[in-house]
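Let me begin by presenting the structure, written as structure tokens, before commenting on it.
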Amino acid sequence: MTVPLLTVDHLRIAAVRSGAAVIDDVSFAIERGEFLAVVGESGSGKTAAARAILGLLPPGLRRAGGQIELDGEDLATLSPRRMRTLRGPAVGMVFQEPMVSLNPAISVGAQMAEGLALHERLAKSEIRRRCLDMLARVQIRDPTRTFDAYPHEFSGGMRQRIMLASVMLLKPKLLLADEPTTALDTLTQREVLDLMVELARDHGTSVMLITHNLGLVSRYAQRAVVLQQGRLVETGSVQQILFSPREAYTRQLVEALPRRGVATARRAAGEPLISVRGLKVSFGGRQRLFRHEADVAAVNGVDLDIAAGETVAVVGGSGSGKTTLGRAMLRLIAPAGGEIRFQGRDVTSTHDREFRLASQLVFQDPYSSLDPRMRVGEIVAEPLRHVARLTAAERDRRVAAMLDEVGLAGLAERWPHELSGGQRQRIAIARAIVRHPSFVVADEPVSALDMTIQAQVLKLFGRLQAQYGFACLFISHDLAAVEQVADRVVVMQGGRVVEQGSRDDVFDHPQHDYTKALLAAAPVLDFARPTSVRQLG
Amino acid sequence: MTRARRPSRTTMVGLVALLATLAVVAHANAETLLRTRLNADIRSTDPGTNRDANTDGVMAHIVEGLVAFREDTSIGPMLAESWTVSNEGKTYTFRLRQGVKFHNGAVMTVDDVVWSLKRWLDPATQWRCLSEFSASGIARIEQIEAPDAQTVVVRLDQPTALFLPTLARPDCGQTAIIHRDSVGPDGKWIAPIGTGPFKLAAWKRGQYIDLARFDGYAARSEPRNGYTGAKIAEVDRVRFNIIPDSSAAKAGLLSGSLDVINSLAIPDLEDLKSRPDVQLSITPALGLTGILFQTRDPLLKDVRIRRAIALCLDTTQIVDSVMQGTARPNNSALPIGSPFYGEVQAHGYTQNIAEAQKLLAEAGYHGQPIKLIANKRYSFVFDSAVLVQAMAQTVGINIEIEVLDWAAQLDRYNRGDYQSMSFVYSARLDASLSFEMLMGPKASQPRKVWDDPEAQEMLRQSMMTDDAAKRQALFDAMHRRFIEDVPMIVLFNGAELAALRKNVKGYAGWLYPQPRFWGVSIQ
Amino acid sequence: MLGYLARRLAMTIPTLLLVAVAVFTLVRLIPGDPVQVMLGDNADAAQAAQLRAQLGLDEAFPLQFLHWLGKVATGDLGHSITNDLAVLPLILERFQVSAVIVLVAVAAATCIAVPAGLIAAWKQNSALDLAVIGSATLLLSIPSFWLGLLLLLLFGLKLKWLPVIGYVPFSENFWQAAVFMLLPIVTLTVLEIGVLTRMARAASIEVLRLEYVTHARAKGVPEWLVLGRHVLPNAFAPIWTLIGLVLGHLLGGIAVIETVFTLPGLGRLLVDSIFARDYPVVQGCLLFTAVIYVVVNLIVDLCYPLFDPRVVVA
Amino acid sequence: MRWHANTVIGGALMTLVLGTALTAAFWTPFDPLRVNLRARLQPPSSLFWLGTDEFGRDVLSRIMAGAGTSVVMALFTVALAVGVGVVVGCVAGYLRGWTDRVIMAVNDALLAFPGILLALAMMIVLGASKSGLVLALGLAYIPSVVRVVRGTVLSIREKEYIEASRVIGNSELYSMVRHVLPNAMSPVAVLATSMFGWVLLAESALSFLGLGVPPPAPTWGNMLAASRPYMETAAWLSIAPGVCIALTLLGINLLGDSLRDRLDPRMAHG
């Protein structure tokens, strides 16, 4: 056993003001060239641990105890100046948010060259040459143009590649990757992570991958460390952690991974509840004030039927038009062509009040879909305004019942900002279901939540659908979740349906190439198939 | 405004050092400079047309008329040697002084006089006092001629005592005699080429006006008396700095960057009295400050209420407090300085609270609010209003002060649209004019305060004859009716307050509120 | 770029037209008129009518407005009623006074406020931060003319370091003019520091939260370079907007400060001409201020790309 | 920690001011309007704690009475400006299209005017009185409120909980009143506090230029302006009102800061 590159002994990180421990007595080590995954849900302290290594804890936290030894040097005792000489050449870091990980005000080249210029005395031309080589290495099409361009001109995936290039330029011994691809869709995620592995291999860099997605752990890590609320739960090889976990929490994490449930084909006979023929939606590059929505390809010529009680999942990369389809079917966006029929009636152009009251939408971001100025009880009660002949007492009773059903009994008086992400999404669902709608569109309902919470919310959603029998359009880019929930699957690319069929047909015998690529990219932990890292290894 | 020529261009050691040199004004050569101040820029250098009080004051140094006012507001000869009145007061024959030079060196001839007088009467000149010689004025000028090289004869269509005073009025540009070259071939005004002790050297709009001594000035023999007599310039240059803010002007005097500041505000007086390096010149003026009543107002048309207000005031205390001893109480329309101000005029209202309350009860007054308009441009006008309100309060009269800016108050004054108003009249140099400014039919002249046909007849007669005894009798009768009818309460005549540095000699104020810088020297 | 400029200027035409109409009517709504002010208390009707005709004030309002607007289009703002000066040169001369004070003061305030705000944000909630934000709030709370009075009292009268009255234009003598300008500039700078520091601090805090700052530090970039190259350029956009707003308003004349220090600035000219009911000058000043406000906004917008590449001025 | 300090100091200052204003309604050491010419321009003494002014009136009583007038005037002005501003702002932000463009053109035109001078002109038109000042300053500040409200309404309209409200079947108007308006109030509340300070400054500036609230009724503004000529001999005449205005502004700014921090969306999201 050679001397490990990095050893962390009894590390303790506490909040400055309250002294509460964010990391309590955590020890682990990383061998040279080894890929270690640090797994935990939000609030487990995994990011704090990574940042402690670099000595870049956010202002509210400080290192309260323990050693961090890198190449035999205890980082804790170093002077700020000495620490700065290590940041870059010794330890590099890649961040999560592509939109804000690069400085928008200065050119890509300037940011890449900055690291090199600081740590090595090189001529300007030599620095430029190395940057261009590295950009080519990370498969950026036109390095010279990219060098002088500004970050806002690139997509999320491209920016993560640029960041990876600028970090790897300094050939660090250890690379800390803090959820580098969470914000990307499955295809791009696969490309960036494969690239990271190759680059690390080239320079013998060991990688500490911080993630909450066990799929990625199985594919990209050799060993794993599991954290919960700042405490070390378990350490071991990926094989042992995933397939024979010793601790209950680890087992719970693994179980939370969505897996193919038995498909209860509740295909109701007769008229589909809602059917769409040749639906067209053209998006005149409308710039939404907040989300710089990429110019979503127009939805052109989509045919789709959903029966009562059935869940049809729509999958596809970002920009495939799946969200636009959902909004168009709810008539929130005026379709440019085609026809929508609900319970046999054509609702494409007329303002059908009954269709409006019978259809509902669950949003992705639990933070911005609830009015911060209204209490939970009021939010859930609001839809009942439109139910005729409903007395106040009757309404309160129904709200209380609904809250109980989503597992939030007694929280009626609370404010949204006092609750966790999972709880807020349950309220959003309660609001959607309280009026017993017959058609619900769920637009990425769980992708913003932690794994364990995702599992609970999906289970709740399934139970409510079984109980109330509403038809559901489930939009998601997370194939694992789709595999668990969907009866039928529709795959969209560039605004068009490229494949449609029952869940088993689409997952087991994908016809279209795009579907195959999507399935290959998805880090679905298929117990039957061996983990691919070893293939790479 | 320490604009002085420094001996040599010293190198700038540091900002503080520079400031020190700046504060000490070094006089390079023997040129003497007198620095004074105006609160606003002059309107133009064309006397008697586009003008205001400041403009008249400055122009009085540059141009002169045939006749001018003496210190007691009587009329004295200026460019005229003497004059005789004939043809029942309709013909005025002026004998001209000889050897009087214009600023451009030309000697004044009788043709210059005729040309100037005709120019004033030409409507294109837009002379401010042209209306005095129109149908509604004091008389029409039928003919101006020069029988010989030394005399000019002016014939009027009817006798009037106001012909010479109108010629001498400063706001009429003293009907100045100017050289032909003052205007261009098209008659457009260029610059004043007059006969005064100073000539116009420079005018930097918004900043200062420079007057330089006119060496070729032909001074009269008798000593300085009002705008006539010997007007000898004893300083090389006079600079009028434009400084709107009076406190800043006062500070300029104290810091040595100004030699003379006039028309001081009363509050400034308070502080300057105690200064060793400053001397004060306080002279009674002709302006008239008082409380005007709108006799057509439903409430104030009852003379008993007007009289009650008059009786509840202690005019002496008001004047002492507002003017801090620089003026004496005067309830008459004639200024104290006027030759016709006699024993009758001295007797006005005496405070009598009981009588006031009786009158109020008789009139059935029960606290209805009376609006008193005031403005803050003239501090004594505003302060008087505050004191009148306080004193009226003691007898239960509820006065509410409404502050307007000067232009808005003037508008209300001209339209007669007010219940009462604390107001200041500008100087009138003739007793008849002092009454004329208050009296007149309200129907056609809404700005007039006193609408009493019989009194107006007496006024008309006073304007016709120039027999002093007869005019005095008329003025006495008018005063008695004025006090009886209380169309307004005159409080005091203003005072012309000036502050000078110790080294300024020979300055003297007089009834007319404009400074005279001839006969003034700097030690 | 020119297309953008043309479009922006075209957009301002309606606003300026509105301002012109508003100015013209507002001025005539004010009771009292220049003729009465000129004639004072012994203005008989004949004299007043004659003067009014001479000044063209007896025409119907719409006619007067069209005359005025026609001339404005050609750049001639007419002549002052009180002293017959051409209005535009008068305004430009007076504007020079106000502009010098405002520009120097805002520049000085920015040079002090931005670093202070940056450091305060960098050491957020430290003693230094409290000191900076505390003094900024204090400065913000002092009435401008009271501060002017106190400075005048202290330096002018008591210590006699600085002259108390008067003004020398820069054209005549630079040093003397600078001496007269010192106190008003200091007064205005002190006032503006408060506002700009608070904005600089808030903007910097916003940027310090973002990941590319941590990314820079993770590359071993020293703190001063992190602040200078990464935080400042991104934090400067909101500060620049505020500077634009402040300039737009102040250039309209700092009447009160000009009154305290007896400076013949644009603000003073407007106040005096309102009191003298000098219609052409009032109209000229207000229109000029509006144009300045619009031009400053345009310049501010054009400068954004300098520090924020995302803003494209097409 | 800092948020706490702001509220405490700011709150203390404002209670002091409001307390003075309230007590002045019932009791002041002397009658603020009573002229006493013998006691002219006396320095602070045991009898007159803050000395007397040029008419011998007690400065302390006038400061107390002035507090009331100034505070009430500021409240009315802010109420007028915010009231009208919010309504117009919502209409502009909500209707968009032509109405929005017209409203904003007029708004920009008004913003181009220097605020104080706009108020000065209106003071003359409306006549110098308290109600005239409130109307003049109120109108002068409406454009800035309109701009803030319109901006906020435009951004909130895009939030997902507004789309959720539409999905529930609420009418546009109901979404506007029930969801957009309450959330638009926080920036308006912050603006209102700073506007309170602006009014005090503007009233003093107007008095300084010659047309504030007409004396003899005392306000800090006209007392400060009236103290100008006696600046040298009777400095206390300008110190007292100046300090009062400065302290009140400090109190308002501190409260404004704590309000902003409390309403800061980041704080709300927790």
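By written order: A, B, C and D. Residues from 1 in each chain.
As a working rule, contacts are C-beta pairs under 8 Å (C-beta built on N, C-alpha and C of every residue); 3 or more make two chains touch, one makes a residue touch a chain.
These numbers were taken from a predicted model, which means no experiment stands behind them.
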Innermost chain, taking as reference the mean of every protein Cα atom displayed: C
Chain pair with more C-beta contacts, B-D versus C-D: C-D
Inter-centroid spacing, chain D versus chain C (mean Cα positions, whole Å): 21
Between chain D and chain B, distance of the C-alpha-averaged centres to the nearest whole Å: 44
Rounded Å distance, chain A centre to chain C centre (Cα mean): 50
Where chain A and chain B are represented by their mean Cα positions, the distance between them in whole Å: 88
Contacts with 2+ other chains: residues of chain B: 377, 404-405, 408
Junction residues of chain A - those touching two or more other chains: none
Two or more partner chains touched - positions in chain C: 30-31, 152, 157, 259, 275
Parts of chain C lying in touch with chain D, wherever the complex brings them together: 14-16, 18-19, 22, 26-27, 29-31, 125, 129-130, 133, 137-138, 140-146, 149-150, 152-153, 157, 248-249, 252-253, 255-256, 259, 267, 270-271, 274-275, 286, 289-290, 293-294
Chain C partner contacts - residues on chain B that touch it in the complex: 1-3, 12, 15-16, 18-19, 22-23, 40-44, 50, 52-53, 126, 128, 131, 134, 136, 205-207, 241-245, 248-249, 251-252, 254-255, 257-258, 377, 404-414, 423-426, 428, 437, 444-445, 447
Of chain A, residues touching chain C in the complex: 51, 54, 56, 59, 84-89, 91-93, 95-97, 100-106, 114-115, 118-119, 150, 152, 163, 166-167, 170
Of chain D, residues touching chain A in the complex: 154-155, 157-161, 163-170, 179, 182-183, 265, 268-270
Residues of chain C touching chain A in the complex: 124, 210-212, 214-222, 229-230, 233-234, 307-310
